[in-house]
Structure formats: C-alpha cells, structure tokens
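Below is a structure I'd like to ask you about.
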Amino acid sequence: MITLLLIFFPLLAALMLLFVKGEQVKKIALGATIVEFAITVMALLQYQQGNTTQFEVSYSWIKSLGINFHVGMDGISLLMVLLTTFLVPIIILTSFNKDYRNPSRFYSLVLAMQFALVGVFVSLDGFLFYIFWELALIPIYFICLLWGGENRARITFKFFVYTLTGSLMMLGAMIYLYLKTEGVHSFEIAALYKSGQGLDLIHQGYVFWAIFMAFAIKMPIFPFHTWQPDTYTVAPAQGTMLLAGIMLKMGTYGVIRWLLPIVPVGVASNANIAITLSVIGIVYASCIAIVQKDFKRLIAYSSIAHVGLISAGILACNVQGVQGGVIQMLSHGVNVVGLFFIVDILQKRYGTRDIASLGGIRNLNPQFAVLFLIVLLGSVALPLTNGFVGEFLLLNGVFQYGAWTAAIAGLSVILGAVYMLRSYQSIMLGETNSVTVSFAPLSSSEKAVLIILCAAILGFGVYPKPLLDIAGPSVEKLVDGVRLAMGK
Amino acid sequence: MIKLVGLVPLLPLIGFVIIGLFGKSLSKGIVGVIGCGSVLAAFAVSLGIFFELTGQAEKSVTIDLFSWITAGKLSIPFSFLIDPLSSLFLLIVTGIGFLIHVYSTGYMSHDEGFARFFAYLNLFIFFMLLLVLGSNYLIMFVGWEGVGLCSYLLIGFWFKNTAYNNAAKKAFIMNRIGDLGFLLGIILIFVTFGSIGYHDVFEQAKNMATGSPVLTSIALLLFVGAMGKSAQIPLFTWLPDAMAGPTPVSALIHAATMVTAGIYMVARSNILYTLSPVAMETVAIVGVCTALFAATIGLAQNDIKKVLAYSTVSQLGFMFLALGVGAYTGAVFHVMTHAFFKALLFLGAGSVIHAMSGEQDIRRMGGLKKHLPITHITFLLGTLAIVGCPPFSGFFSKDEILANAFENNKLLWFLGVLGAAMTTFYMFRLYFLTFKGDFRGTKEQHHHLHESPKSMTMPLVILAVLAVIGGLVGIPEALGGKHMLEGFLKPVFEDSSFRMVHSMSHENEYMLMGIAVLVMLGSLYYAYQVYVKNKTLPAEESEDLKPLHLLVYKKYWVDEFYENLITKPLNFFSDVLHKLFDNQIVDGFVNGIGRFITWLSGILRYAQTGNMGFYVFAMVIGIVLILFTRIF
Amino acid sequence: MITTYLFYFLSFLAIMFGLMVVLSKNPIHSVLYLVLCFFTIAGHYVLLNAQFLAVVHVIVYSGAIMVLFLFVIMLLNLNKETEPHKSLWLKASAAVASGSLLVVMVASLKGASTIQSTNTFNPSIGLIENLGTTLFKDFLLPFEVSSVLLLAAMVGAVMLGKKSIK
Amino acid sequence: MKALVLLSSLGVISLLAELFSFKKLLYPIVLLGLIATFIFNIQDWNVANNTFYNMLQFDNYAIAFSSVIILVAFLWFLMAEGFFKEETNMTDHYSLVLFALVGAVILVSYTNMTMLFLGIEILSIPMYILVGSSKNDLSSNEASFKYLIMGAFATGFLLFGIALIYGATGSFDLATIKTGISVQGATPTIFYVGMLMMLVGLSFKVSAVPFHFWAPDVYEGAPTVITAFMATIVKLAAFAAFLRLFDVTFFRVSASWMNIVWVLAALTMLVGNITAVFQTRTKRMLAYSSVAHAGYMLMALLAMNMYSNSAILFYGLAYSIGSIATFTIVSIVAEARGDDGIHAFNGLGKSNPLLAVVMSIALLSLAGIPPTAGFFAKYVIFTSSFLAGNVFLVGAAILASLIGVYYYFRLIIAMYFKEGNSEKINVEMNHKLLLIVVAIAIIALGIFPDFVIRLI
Amino acid sequence: MNSAIQVIPLEWYILLSTVLFTIGVLGVLFRRNAIIIFMSIELMLNAVNLLLVAFSSFLSDSKGQVFVFFIMAVAAAEVAVGLAILMMVYRNTKSSDINVLNKLKW
C-alpha cells in the first residue's frame, strides 16, 4: 500500500495545486513533497533487509492484454525512490527565491514529474514502466517550454523527439518480448525476463540495442547526447535539476532493471560496444567540458562524463559495477543538483553564467565558497565525499571488465579535476571584477539547500553503509541471476 | 593506548571542525591554542602508542572502526593498523606537525586568514594520519587524496593571486594523475587478491612467484601514485610551484610529510616490490634520475624556497633510490632525518623571508648572519645535515642508501654520489649567498631586519637538535652502532628480508663513507671558493647565460614542454571536439535528420498540385503498379 | 453466326463511339456519341438475353441521364469548343497511363476461361419475372436501402441547386 | 438493424421538420435520437440471430463499430451545432448527415457486395454535398467537386472489382465468396484482379497513398465540421468495411494482397506525416495527419490477427475523439482570429487556457504520447503488427510517429511559447462542455483502455 | 437466336468491358471539361454493367442483372448530385474547366 501512496500522493498534490492561487503554492508544494519524503522514510523503516521485492501491489489493469498494475520495491528501487523524494523538496526549495509565472502550474508540473518518476522506479510491469517512462517526459517538456530560456522551443522540442525516438524503440522491443512470453502474453517483469532470456543470441542482440537506445538517449551516452547540453542550459534551473538529478537516473536504472536481466546474453555479446561508447563519452565529454565558457553547460557536459562511467560500470555487469552504479546515481543526483543550484545562485546575482567574466566571489562570501567547494569536491569524487564511493566501485566494476577500459574511464578522475578546478578558480578565486562587485548574502532557503546537500555529500561519503546495505542484497541477487543466465 | 588510536586523527579533525566553523569569531590566540593543542594531544597519544607498541610482542594491531564500503565480496572496513612503520610515521607527522603549528602562530600572526590557515593545517594532519594509519589501501587513498586537497587549499591559500591558484591547481591535477594510477593499482589488488587489506594482500602475495606480471603491474601502478605524490620524474613540476603556499606549509606538506607519502606507500607494500624486480628497478632508476635531475636544477635557482624545493625533489629521489635497491629501512630512515632537516631548512627560510619582508630572491640577501643569529645557526646545522656531514643525521641515512646502492649496482651508487656532491654545492651556495657576505637588499629591508619571535625560533631550535642527533637511531654496525631503527622496523620488512643481504664488509663501508665525505668536502670547498672567496653572484634576469647554465636555470624547460605537449594540445583537441566534432558532426547529423525531413516535406508537398488531372493520373499509376504485381 | 457478327459489329461501334466521346471537342457531340454508345451496349444486352435490362438501360441512360447532361450543357452554355489547349506531354502521359492500364488489365485478366458455370444455361434469367423475384426476394433490403440513397441525392441536389438567399 | 431503421427515420423526420415547422426542436430530437439509437444498438450485443436477408449482420463486430460511430456522431453533433444554425438548409443538413450515418452503419454490418456498394454510396453522396455546403465559398465548391469526381472514379474501380469477383465466384454474398475461394482451389485469375480493384476502391475511401490526393484538398476546402465528420466517421466506417472485406472474406488469399497493403501502409504513414511537416495551416495539417493515421490503421488491418479488430476499433475511436477536439478548437480559433494558420494559435495558452490544454491533450493523443488514448491505440497496433511479423513496418511506423510529433508540437509550441493575440476567445458553453468531456475521455481511454479493447 | 454468350467466349466480353472501361479512364485523364469527365465516368460504369450482364448470362444467374439496377440507380443519383455541384461551381467560376479549380493545393 505504501507504494501506491508513494506513487499517487504526488499526483493528488499536483492536481490540488492547480487550484491554489498566490504565494501559498510554494509552501504547499514543499509541504507535499516533504510528506512524500516522510512516506519514503516510513518505507525505509519498514523495509526488511534482504533481496526480496517488498511493498508489492498488483492489480489487473488491462486484462485482455496481460497488463498489470504491478509495483513494488526492492533495495535498488527503494534507493531510487529515496533519491527522488529527497531531491524534489530540495528542488522546490531552491525555487523559493524565484517567482515563476503561473506558480501553481509550475509546481503542479514538478509534482506530476515526481509522480511519474516514482512510478518508473517502482514499476514491475513492462507496460506500466513504459507508461511512466513516457509520462515523465511531458511535465518536464512543459516545464522547459514554459519557463525556459532563449531558443527553448527548438531545443526542448529536439529533446522531446530525441528521447521519444529512444522510447519508441524500447516500446518495440518490449512488445516483441511480450509476444514471446509463454502462454497468455504478459508484461510481468518475470515473464519478460523469461522470454528475453529464451531468445537466441542474435535476437537478444536486437532487443539489447533497441532497449539500450532508449536508455542511452536518456542518460545520455555519446553519441546520443547532443540534446542534453542545450536542454540543460535552456531549461529553468529547477527543470535542469529535475533532468539531471533524477530523470537521467531513469536511464541508468532502466539498464539495471530492464536490460541486464532481460537479455543477459545480448549484454554479454554487445556490451563491449556500449561500454566503449560510454567510455569514449567519458573522455569526450570531459574534454569538451574543459573548453566550455558557460558554467551550466560545463556541468551539463560533466554530467555526460559521469553518467558514462555509471553506464560502463553497470554494463560491466558485476556486483561492484552495479552497486557502484546505484550509489553513484544517488551521489550524482545530489551533486549535480547542488552544482546547478550554484549556477542558479550565480546567475540570479550576476545575470551571467560566463565563467570568465566572474571572479573573486570567495572574497565576498567565504561561506558560499566553502559550500561550493564541498559540492565540487563531491563531483570530482574526492574520498570521504559521496562521489568517491560510487566512482571507486564503478571503476572497480569496469576494471573487471577490462583493465585498459578502466584506465581510460579513470581519466575522468583527472579531467574532472581539470575542468572543475579551473572553473572554481575562475569564478570564485582571484580578485573581484566589475561584474562581481558585491554578492547578495545567501538567503535562508539557499543556505538550507546547500547545507543539506553538503551534509548529504559528506555524510554518505563517510558512512555510505546504510545505502550500500539497502542496495547490496538486491544488486547481488540481480547480478547473480544475470551472470547465471550469461553462463558465466 | 593503542585502543585509542582513533583519537589520533580525530583530535586534529575536531580542531579543524571547531576552527573551521567558528574560526571567525575566535581570537587568534584561541585558534592557535586549539590548532596546536589538538596536534600536540595527537602527538602525545602517538607517543603512547609508540611506547606501548615497543613494549609488547604483538607488532601489528588492527583497530576496526566501522564497515565503510561493501559490494559483493569487496568489503572495506574503516580500520587502522598500528605497526612500527605507522607508529613511526605517526610520530613524525604529529611531532613535526606540532612544531610547524607552533611556528605558524608566529609566522602567520599578521595574516587575515589565520583561522582558515589553522583549519587547513589541522585538516591536513587529519588526512595525513589517515594515510599512514589505514589498514587497507583505500583508507590510505582517502588520506592520500585528502592531503592532496589540503595541499591544494594551502598552496592557493592566498587565493587572490592567480599565479598561486594556478600552482595549487597544478599540484592537485598532477597529483590526480598519480592518484589514478594508485586507484587502478588498488583495484587490481582487489581483483587479484579479493581484498585490499594490507594483511590479506601481503599474506597472499608472499606466496606468489617472483616477477609475476600481475605483481609487477600492481607495483608499477602504485608507483605511479607515488610518483605523483612524491614529485618524481615526470610528475615533479608541481612541487617547486607549490612553494607559492605559506612557508610553514612548504615545510610541513611539501618537505616533511605529504611528499613522503609515496615512500611510505612503497615501504608499506614492500613485499609487492620485492617480488617484482622490474618494479624495483623502475623505482631505483626513476629515483636516481630524479635525484640528479632536480639537483642540477637546484644548482642555478635563485629563489630560496625554490632551491629547497628542488632539493626536496632530489632527496625524495634518493629515498626512492633506496626503496629501489631494497633498502626499505634506509628509505624510512631518510624520510625521518629529511623531515627534521628539511623542515628546519624551510622554517629557517621562512624566518629569513619573514625578516626580509617577503623577499625570496637570494640575490637580494647576504650577510644575514648577524641579524638573524638563531636562524643562521640552525640553518647551518640543517645544511650540514642535508649534505651528509658526519655525524649529523643526514650522514647516516644517506650513507645507508649509498651503501645499499653500491651493493646493488655500482652505477647507481656513482650517480648517487654525484647527486650528493651537487646537493652540497647548491646548499652551501644557498647558505653562503644568504648569510655570508654583504647585505644586497634595499635599505628598507635592511632597516626592517630582525630575528623572528620565540614562537618561530623555538621550533627551529628543536628541529636543529633533531637534525643533529636524529641520525643516532640508525648508526650502522660498521661504526659500532646497533641500528635501532632497523630493529624496530624489522617486523614490517620481514617478508622482504630475503632480498636484503648484508654481505658488505666493514672495510668497504668505511671506504664508501670516506669517498662520500671527501666528495662532500670537495664540493663544499668549491662552493666556498666561488661564493665566499670570489663573491660571485648569480646572474640577474637580464644577463645572458651560457647554454648549459641557461638550460639548468630554466629547469630544462620541462614546464614549457608540458605546456606545449599536453596542456595546449589538450585544449586544442577539446576545442576541436567541441566546435567541430560535437557541434558540427554529431549534432549536425542529428539536426540534419530534422532538416532532411523538413526539406523532404517541402518537396513532397509539391506532389499535391491542386490539379485534379494529376491526382487521377497518380491514382491510375498506382493501380497500374498494383495490377502489375498480378502479372508476375 | 449472326450473333457472332452482331457481337463484333456492336463491339466495334461501342468502342468507336466510346472513343469519340472522349475525343470529340464539342461537348454536345460527346453527349450524342455517348448516347450512341449506350445504344450499342443495349444491343449487347439484348444479345445476352437481358432484354428487360436493355430496355431499362435505354430509358434510364439514353432517356434520362443523357438528357440531363444535355440539359446542363445547354443551361450552362457549354456547347462551344471552349476547352483550352492541353500540352502535348499531358496528353501523352494520359494516353500512356490509360494505355498501360489497359495492357496491365488485359494481361492480368487472362485465363478467365477457367470459370465454369455451375448452372445449366438458362436463357430466361433476363426476363422480368426472374429479375423481379430476385430483386424483391433476395435483394429486398438493398432495394429499400437504395431509397435512402435516392432521397439523400434528391435532397442534396435540391439543396445545392437552389439559389442561396443572401 | 435497429440503428439503421432509427437513423433513417431520424433522417426522414428532419426532412419533415421543414414541413411541420418544428425546426427549433430538431437539434434536441436528433441528439435524443442518437442516444436512443445508441441504446437500441447495444441491446443487440451478443444476440445470436442477427443476420438480415443475408445482407446485413449485426454481430458484435458491427455493433461495436456502429456504437462507436454513433458515439462519435453524438460528439460531432455537439461540436457542429453552429453548422445547423443556417435557416434555409438546416433540415437538409440534418438529413444528409443522418443519411450518411445510415451509410456508415451499413458499412460496418454488410455481408453482401451490394450492401457494401450501397453503403459506400449512401455515405459518399451526402458527403459530396455536405462538403460543398458552403455554396458561395469557392474552396468548398472546389473540394466538393474534386471529391465527387474522384470518388466516382474510384467507385468505378470498386464496381469493376465487384463485377469480376462476381464473375469468378458467381455470388455477391461474402460468405459464399469466402467458401468459394477456398473450395475451388484454383481460383480464377479474374478474382484476384477484382480483389485488387476493390482494394483500390477502398484505399481511396480510406485515403491511402497514392490514392489520397483528394483528401488534403477536400479536408481543407470543406466546412470544418464536415472535415471533422469525414476524418472521423467516414474514415472509421470505411475501415470497418475494409476490415470486413479483406480480413474476413479475403483472408485465405491474403498472400496476394498483403504485400500491396504493406507498401500502402508504409507509404501512407510516411507521406502523410512528412508532408504535414511543412503545412502552415492547421486544417490542412490535420488533413495530412488524417492521411497518416490511415496508414497506422492499415497496419492493423494487415496484421490479421486477434488484435486487428480491436486495434482498428480502438484506434478509430481514439483518433476520432482526438480529431473532434482538434477540429472543434481549430474551428473556434479560426473563426475568432479569421485565419487557421498555425500563428493564429500563438499565445492561446495565455488567452484561453482551456482551449490550449484540451488541444494539447488531443495533440498528444494524436501523436501517441502516453497516457492518452492515442498512445494505447498505437500500442495495440504495434503489437498486432509485431505479432504478424511486420517488424519493418513497425519501424516505419515509429519513424512516422516521430515525424508526426514534429508538426503536432508546432501547434503546442505556438500555443504556449509564441507571443500572440492575447484577446480571449469566447467559447460557447456546449463547446466547453464538449472539450472537457473529450479531454477526459482521451485520458480515460488511455488509462483504462480495456473496456474497449475487450469488446471485439 | 442463340444467346451471344453461347457463341462468344466470355473473354471477349471481359475484353470489351475492359476496353470500354479504359476508354472511360482515358476520358477522365484526357479531358478538362467536367461534363465530359462525368460522361467518361458513366462510360466506366456502363462497362461494369456490361461485364455484370455478361457474367450473369454466362452463369445463368439473375443476381448480376439485379446488381446492374443498383448501379443504374446510383449512377443516376451521382449524376444528379454531380451536375448540381457542377452548376454550383459554374455559378461561382463561370467555367467547367477542372483546372480552374486548383486553389486548394500544397
């Protein structure tokens, strides 16, 4: 039942918000998401340590087609839901100093987005997963379209079509698998696993690519990434945070839940190309990030690099890689939201995101500088920040796939430091200039957000055990199953 | 006491947190007390641990704190290992750290970032302690990167200065290059042994064949990390630049402790190296090359801290030479003595700079002897220690290294002696130009000259004492000593002992010592001739230099080389990737599809002519085509 | 024998008049040729023992529909050779298209001889009695439904034909 | 059968309204009549003896389709009230629309070629007239004229096909034909030719490429309500007829028409969608979109499996209600702004949020984005096509859908992104109601499609 | 007199109908005058009628001939409507040239 509550509470809240007028909207939205977070915490408390799927609910939905409303959470899902419900209130909080046109619509869309995201992470029916997957696209599209920056119509449209392309390919593959299920066709996850694993090598390969495309575009993986920097840049700050912080994880989560176990043999025989692309993407995006002038864009590219590593680690398909992937998804979510929020703070104060034209802000607000630095260190995966745990496990996973691959993937360790420190230096250090004459003090909501995020960054860097413990058994079960099916 | 090991890093961390959070509202005095006090307390605990360890039979104690990272069979506890090696390093780190803290209260007393400075220093001590205390490679890595961060923060301490910031960034990035190697090494260790705890790894490694490729790979990857942190060729250029930081930082981080982390790591992993001759050779060669290379650069530098920095690089090279020839004890010994005298020298240099109001160019100094008596005498003692003048501490440690090198390979020994000779020359050049002769600075500087306050001279004195007597713990048997240090560290290097054969006769040892002393004296005499007798001064910037001199003065253009070979091409490549490949080709393709569709639509719609004749015609053609399928 | 000759003769005339309908420039001529063509078709009906149908055909087509055409042509004053010149390639493409249609149809219709009649030949099926039985028994529903069609057409024609009041 | 009688009677009643002057009451009478028809129609659900004179068969298939048609017609009447305002031709309009509905119902239930032919004509002839019902509007004239000539031309082919099939099988009865082609074994060649000619005739009716050229012009020229009628009811009925003939009667010889339909489907989807991309006038754009949607439905028809019928039914329903919404809004906006170009929609999101939201939902549905009915419709079609092994066709459909998104979203972008006329458009109450109902229906059908899917 | 179908092969009738049908198609393609296009369509329908009658005779089955009645009815209706539309168009354009009607395009 708690799963249903998790899914539908945001939807109800979203509908309710439509009818709220005026200043109260923000607070109500924040309240609703905090309640949602509290529900998640309740679920966490009720969660029995282990590798089983819990909080399962299953209703027959479209009976004639074997489609069920089947949801439930194992460790991995639970963590993803946790990430979503943790980040959304924070994202809403980041907007407290901002006045959007039509706030009720805006926050309603954000909550609708949360509804879809939670749905994606808890679905245990292929069709349901697909519905939520697509559903998530609509609110974010409108968020970007209605409140975005320059050129948004063209850019967000490209984003929409691009992701839709992938989704439709996935839909094709899902239908194909569905039709291969035994007996009465069904979209049940177990049935899909079975039908996928029953395919021969060639067909698993086709299915692999069709499904992977959807995820690759969503994440995005080189060379399917070109929608991403533009979209991140043009989206309103909160939209970017939703996109990068949570939505991107739909892709990586999808690989874990809906790709590896479905076509293990296909993964075994095709993952090398996918991993190669991911790894190329790491270096490629890092290099491009180095020469970015717009800080938001830089973070966008850095996100491509990070997600490339996640993808490579997951596709390597061993316990460390997948576990690292899960942890890194959480960390990346937190870090990237922090970074984009910092961009937002800067933009709001100076009206520019141009790295070169800023400078010396450290002189003006040391506190902000420290918080920025912590977020940045999390992003470059310094040990004892959350980024490190995931990155270490991921590199470990990739290394088991191929030492040289890991070495190249590891270049992100270096290049990440290069572009991050470069921009930090240019923005924060040195002398102030004509643009950065003064720095309006951080408002309490800004402070709160940054401190919460920094606490999360440090807290889970030092003591990631709770997260690892939740994910661990589920990951092991999943990976063991996949490896067994691979014949390894 | 050993049970309380958690306190050792915790105390500086607490200091960091308090100063970091409330530093602004605390007075400098309180900040100083908290900063120094926390390290002193850590030192006290470390001493306790040291004595407890020497007193008990069990020489290796693991303290588990909590489980840190688990994933499948990978399980990494957050735990500490107390053994002779780590306890020795604990003492060095907390001891020297404390002295430098005290020194800093004086040195930094006028800086507005006083509290921040102490916060960083305490954080550094914390990470450094993690580095040496960790019971597995990942904890070491945590400390490893952590000290890198602190180094970054402290080099760029005066963050308004772009050059300093660049130096800081450079240090961090170069370290990261090494760190990647280290990280991959750790992962390879896990993949090979299924664990990264020292105990498990060494137990299994012991039983592996000598020269197995995987061990070699591990050893080399770890060594890449060491190269970065300990500033070895080719990753050494950051260290001289790191002198941008306040002088106590140079003393603590970039001379005494952090940069020796590489030595610690190799010494810690001795068994892996011992079993891998290729890696050993690599370490030795890199070490000796660095020793020589840095020494030559040191010959021509005019910045007091730069000279010391290259000297540090060179001395680190000696340490790696020691490791490479299997003299693990020798290396650790040199780490210790080097920590004493190099910290002393740096602090002395700091005192000089303090007195000279920030001037660092030795061409502007001279004759400081009478103005800074304590600094002068302690600096001289430090110099004598570093050049290996008996019976100062440096003599014993350097002698041990050279003796082991001789045993291993005559050429290595010869190069080592050459390096030592150069060390003597540039150190005395530095000493003579700074303290002897006439004052060459401005009137204002002259007027301002004064001895440093107690808080600064006291540490100098203590360190000078240590620099003088520090060698006594390792008097070789040839000179009638027992080499206590070797005995103390024996459990750590036990597994590797089969490689360390002490077959050298005492005669040979005497001969080597003699040669070393003679070379040292010769070099000293030459320096005296040049800089005291002839009062030669280093060339000014405007003067033309002879090619060889220029080559050395310009540090072999390594920085420029890197700039042109790596940084610029990387930027250029990234630019091309971005503007051409990403925007034009990849994105161009994507947009091209869209444009193609639009174009196609523009064409296709012309089929809709509005003319009914054409519509009917198209229909008929369609029908013809359909019926056509029937015929065949 | 006579039947055969008659068939060839009527066929020739039908095709010729059909072509004339299409090719003659004056719409009035076209109408007249079409009437002639319909007469030849009626002749075919007679040959095929569909006498009743032949009569109905003449009444409906030649009598009603063609008169309607003529009426409209006269009403709209279209009885001039007003048709503008069509470009040659348009003509050619029309000819080629219909020519290839003919070829393809003829080619694909070969082998019609395989059809076997299951009934014994009955010359009287075309008589009004037979037709009436079929129409009012089997095809009663279509017959009724066609009234809807005619009603709709009537309503529509009236609606379109009457002048709109402005 | 009851539906047929009721609808015909309603048609006649509306003609009588002129005589007995109860024209004002006609609108409610027709609406009530449609409701009654709907109710009577579904009463025959699962009734065993439902064949009439071997001409019509009101099996579940027919009832499902005719119910959907009547439902859509009801919505259409709500939309088209304005169309019946004109005093002079009011009763004519009513009766023509109702007679067209009779034709549509015949098309979903026929079992004899005669009824097929008559059904098509009963549906078409009122349409020819209604398309031209704006008598002084030249484009309406043109549309009507083009439609008529091309329609009659296509009917010629249809009839030629029927004649050949009659010659080959000796019957007009579908069941007889069906058994005939299976018993005889070597079916005469002329049968196949006849079948292909019928295929051409029906392809014209469903506006499959390359027999689609009339559609954009006619849709554009016709009064918007009539365009909506054609895009929804006519198309649905034509598909039902197509399905009955080809998937049922000609099932055994599917090998000889499958490849052709395959090509037609692919061409229709692609050409329709691609050409729509360049359109700047909404009505014409929707016309091309309608062409494209026929392509998807042809896919389902081609699949010939257990999903085909429900796929077409559901697709038709989803597409119809989506179209009703879009055409309603287009006509409202075009009337208020005096222009149906896409730019007329600029700023609609601000001036008329309701219109914009419903339009967005409808467009999303047409584009096939979950959780709308359109998505599920596409889903079922993809499934059936996949099951039939037409993987490449699904690929083409995916490609076409993506292109489709391109132009549907141009409208959405125009409404929400572009600045434009901020003057609020007055929307009549019944239109508001209709739009809300349709929007809810689109989403409800997307979330709970089972109800319709399970019908047949 | 024998029925023609007994002496003339069925193919000939099919051929004749096909030719007449194609002539109708040619007319639609060839001419621009709407009236003549209508007439061509009538010709096509008559070709179909002829074919049906021929089949009907050949099969000795009266259904074919009955079908012809329906075609005639529809043809009449179509012509009535068609000519009404034509009149309407003519009122607005003063032309029966189909090429005048090409405002709707692209």
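Read from first to last, the chains carry the letters A, B, C, D and E; within each, the first residue is number 1.
The criterion applied here is as follows: contacts are C-beta pairs under 8 Å (C-beta built on N, C-alpha and C of every residue); 3 or more make two chains touch, one makes a residue touch a chain.
Computed from a prediction, not measured in an experiment: that's the story for all the values here.
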Where chain A and chain C overlap in contact partners, by chain label: B, D
From chain C, the most remote chain by mean C-alpha position: B
Most contacted chain pair (by C-beta pair count): C-E
Greatest separation from chain E - chain, by CA centre: B
Innermost chain by mean C-alpha position: A
Gap in Å, rounded to a whole number, between the CA centres of chain C and chain B: 103
Chain A and chain B: spacing of chain centres that average the CA atoms, whole Å: 37
Geometric centre distance via CA averages, chain E-chain B, whole Å: 98
Gap in Å, rounded to a whole number, between the CA centres of chain D and chain B: 78
Shared-contact residues (touching 2 or more other chains) in chain A: 161
Residues of chain E touching at least two other chains: 10, 14, 21, 24-25, 28-29, 32, 38, 54, 58-59, 61, 63, 70, 74, 77-78, 81, 84-86, 88, 98-99, 101-105
Set of chain D residues in contact with two or more other chains: 114, 118, 121, 125, 128-129, 132, 135-136, 146, 149, 153, 164, 167, 170, 189-190, 192-193, 216-217, 406
Every chain pair in contact, whichever chains are involved: A-B, A-D, B-C, B-D, B-E, C-D, C-E, D-E
Sites on chain D touched by chain C in the complex: 8, 11-12, 15, 52-56, 88-89, 92, 95-96, 99-100, 102-103, 106, 112, 114-115, 118, 121-122, 125-126, 128-129, 132-133, 135-136, 164, 167-168, 170, 186, 188-190, 192-193
Touching residues (chain side chain C, partner chain E) in the complex: 2-4, 6-7, 11, 14-15, 18-19, 21-23, 27, 30-31, 34, 37-38, 41, 44-45, 47-50, 52-53, 56-57, 60-61, 64-65, 68-69, 72-73, 75-76, 78, 82-84, 86, 91, 94-95, 97-98, 101-102, 105-106, 109, 112-113, 115, 117-123, 125-126, 130-131, 133-135, 138-139, 142, 146, 149-150, 152-154, 156-158, 160-161
Chain D residues touching chain A - in the complex, by the definition given at the top: 310, 349, 364, 369-371, 375, 379-380, 382-383, 386-387, 391, 394-395, 398, 401-402, 405-406, 409, 412-413, 416-418, 448-450, 453-454
For the chain D and chain B complex, residues of the former touching the latter: 146, 149-150, 153-154, 157, 189, 192-193, 196-197, 199-200, 204, 210-211, 213-214, 216-217, 256, 259-260, 271, 274-279, 403, 406
Residue ranges of chain B touching chain C (in the complex, touch as defined): 613, 617, 620-621, 623-624, 627-628, 630-631
